[in-house]
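There are two complexes below, and they share subunit A, which is joined by subunit B in the first and by subunit C in the second.
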Partner chain A sequence: MSVGLLVDVMLGLALVGLSLRVVTGQSLFSDIVQFILFGLVVALSWSRLGAPDLALAEAAIGAGLTGALMLMAYRRLVQGGGEDAVRIGPRPLLALPVAALTGTLVAVIGLVALGVQRVAGAAGDRVLEALPGTGLGNPVTGVLLVYRGLDTLLELAVLLVALLGAWAVSGDAAPGRLHQVDRRTPLVGALLTSMAPLTILIATHLLLAGTDAPGGAFQAGAVLTGCGVLLVLTGTLRPTAAAGLVTRLLLVSGLAAFVLIGVGAVALGRPTMTMPGTWAIYLVETAIMVSIAVTMTLLFARSRGLAPERS
Partner chain B sequence: MSPAEAVGLALVVVGCGFYGAGTVGLLRFPDVYSRLHALTKADNQGLFFVVLGLGVLAGHWRVALLLIAIWLVGLVSAAVSAHLIARHARRSDRRHTSRTARP
Partner chain C sequence: MTSSLVYMLAASAVFGIGVFGLITAEHLMQKLLALNVIGSAVFIFMLTVAGTTPEGPDPVAQALVLTGIVIAVSATAFALALMVRIVQETRLTSLWGRDDED
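Moving on, here comes the complex of A and B:
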């Protein structure tokens, strides 16, 4: 057995074991921690499968951001209702048959996928052939922005609707005061001054690298959200009850830039959602990154807006 | 196997040894402070050796320097999170002698 296969088998076993422990655990907190761990193993699996773009997205969004959101939700539950609020009740009886059915479905799809013959001239091949014409080197970015732009646009709309839904559910309640880490603590201050600029640098790098190498707006937005989460947790950004004009503009900038350029193409006599050049791709990607970062940071802070806190 | 490859592999193995020791410490030490001690000390050292080994295996200065940068970022985050966990443990004055994880 080769070392690579051994690693793959270990990853596969870890995935199954962790997913079982996530849904059968006795404490909500350890379930969340194991879910984050699960996301990291998924990221490793994607990179073993030769999909670094997905691995980056899973590590940043699946494990990192979702984990942070879940831990924040856990803390609010404990703050609001004590230990009773996070107690795990009896499992629904339907869980086992549903799990069995889903497992069978996945197994059947997997078996069918193993037997599928490679079709010449499939969509993937044609993307790779046509890619040089777009000025992009990374086929994933090409698919996201050029070939399946509408899908990406709708994904952004879903993200915006999710935030609006969270706002609607949280009502007009004043943004919850968090127990914050004092940023005057020497180590926390050092973390802030070293990591916040670094996250911006890494996000910019991921965005620019996304045209030719693994990376792109979604990963960059997730890393930038990390900066936002850090600023919210240390109290550098304070949750506010109303969204200012700048916040609103930043929230919709991704959608707006995408729609304007995509529909503007029609005025130039091209098909809808075509990108008129690499500059347009950079522009749309930058706007998407900012939108994602602002949306996710607001979700994390459970607030309408954010304002810098003067100390 | 070239000498550089042998050195790189040996460094990675040494790093894994440190990780193993840190994990044993995390599982076996009695309270939160000594567990943190095991984790931060051993794992930072382990990451250093792994990074050094991978840098040697990559055989490229740019890759090696980027890996060192990753190690430095890991050092900062490990130091801060260990500090915050330890401070929280001391303030809440809770004896973390049980094996179960607690927030």
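Moving on, here comes the complex of A and C:
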């Protein structure tokens, strides 16, 4: 057994074990923490499956952001209803046969899928052949922005609708002030002054690297959200009851830039959603990164807008 | 091929475990966690199939999964907001109303 296969087997066992812990934990809080761990192992397994872009995205979005959102929701439950709101009961074991059957079914489908030969001239191969013509080195970025631009555009729309939906169901009540750590304490201040610029640096790197190497707008946006979450938690950004003009513009910047360039292509006699050059790809990606970061930070803070706190 | 087999079996097991979690969970947040576990299993499944060919992993499938991850977190964020509101309004953490009996 080679070392690589040994690592795969260990990751596979970790995936199964951690997902078991997620659904059989004794407290909701530990379930959430196990889920974050599970997401990180998922990210590791994807780096083994030749998908480093996806590994970055899963670590930042799947484990990081989802985890942060879940922990925030957990805190709101505790604030609203105390321990009763997060109490969980024992699980009935009656569902075990159903679960075993579903798992077996997926395994059978999966084993058949593994045996199927990829058709010659499939979309993926043609992307790899045509990629040099787009000026991009990263095929995933190429698919997202050049070949399947409409999917990415609608994905941004879904993100925006999720925020609007969250606003709608959260009611009009002014956002409660979160329990915050005092940023004047030395450690918090040091953390803030070193981490906040660092996350911006990493996000910018991921964005620029995304054209040729693993990275991209979504991973960058997620890392930038990390900066936003940090600023909200330390009280540097304060939730407000209304979204200002700047916030609104930033929220739609990704969609707007994408639509303007995509439809502008028609005026120039090209098909819709074509990118006129590498500059357009960078522009759209930057706008996507900013709107993802603002949308996600607002979803985390559960507020309409954010304003800097003067101290 | 053997590594693919390992991840495919793991994805199947995780999918089954997620279904178990979804069915047996009472608390709405546990249901959301289980749904996310099922989602991850599907993503592992897709990436395993996309990564088997000798010409290199399929970028279209990878882009599809990336889109899927973002949609999943959007839906989860909305569902969490909905759940917090439901608990605020009804004082119940599940859809069965059992918490109301005492």
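Note that in this section the second predicted complex is superposed on the first by the 295 of 311 C-alpha atoms of A that agree within 3 Å, B and C clash if a C-alpha of one lies under 4 Å from a C-alpha of the other, contacts with A are read in each partner's own complex, and residues count from 1 in each chain.
We adopt the following convention: a residue touches a chain if its C-beta (ideal position, glycine included) is under 8 Å from a C-beta of that chain, and two chains touch if they have at least 3 such contacts.
Source: prediction; values computed, not measured.
When the two complexes are overlaid on subunit A, subunit B and subunit C sit side by side with no clash. With chain A used for the fit, subunit A forms the apex of an angle whose arms reach the C-alpha centres of subunit B and subunit C; rounded to a multiple of 10, it measures 90°. In the superposition on chain A, A:Y74 makes contact with both subunit B and subunit C.
In the overlay built on the shared chain, the residue A:S27 is in contact with subunit B alone; subunit C does not reach it. When both complexes are overlaid on chain A, the residue A:V266 reaches neither subunit B nor subunit C.
By the document's definition of touching, of the two partners only subunit C reaches A:A107; subunit B does not. Residue by residue along subunit A, subunit B and subunit C are tallied for touches, and C comes out ahead. By the touch criterion stated above, A:L187 is placed in contact with subunit B alone, subunit C being left untouched.
Residue contacts after overlaying the shared chain place A:M195 against subunit B, while subunit C stays out of touching range. For the pair subunit B and subunit C, the least inter-chain C-alpha distance in the overlaid model is 16 Å.
Taken together, the two structures place residues 74 of subunit A in contact with subunit B in one case and with subunit C in the other.
Of all residues in subunit A, those touching subunit C in their complex are 4-5, 8-9, 11-13, 15-16, 19-20, 22-23, 28, 31-32, 35, 38-39, 42, 45-46, 48-51, 53-54, 57-58, 61-62, 65-66, 69-70, 72-74, 76-77, 80-81, 84-89, 91-92, 94-96, 98-104, 106-107, 110-111, 113-114, 118, 122-125, 127-128, 139-140, 142-144, 147-148, 151-152, 155, 158-159, 161-163, 165-166, 169-171, 216, 218, 292, 296, 299, 302.
Residues 73, 76-77, 79-80, 83-84, 100-103 of subunit B are the ones that touch subunit A when the two sit in their complex.
Subunit C meets subunit A in the complex at residues 1-21, 23-27, 29-30, 32-34, 36-37, 40-41, 43-45, 47-53, 55-67, 69-78, 80-85, 87-88, 91, 93, 99. Across the complex, subunit B is touched by residues 27, 29-30, 33, 74-75, 78, 181, 187-188, 190-191, 194-195, 198 of subunit A.
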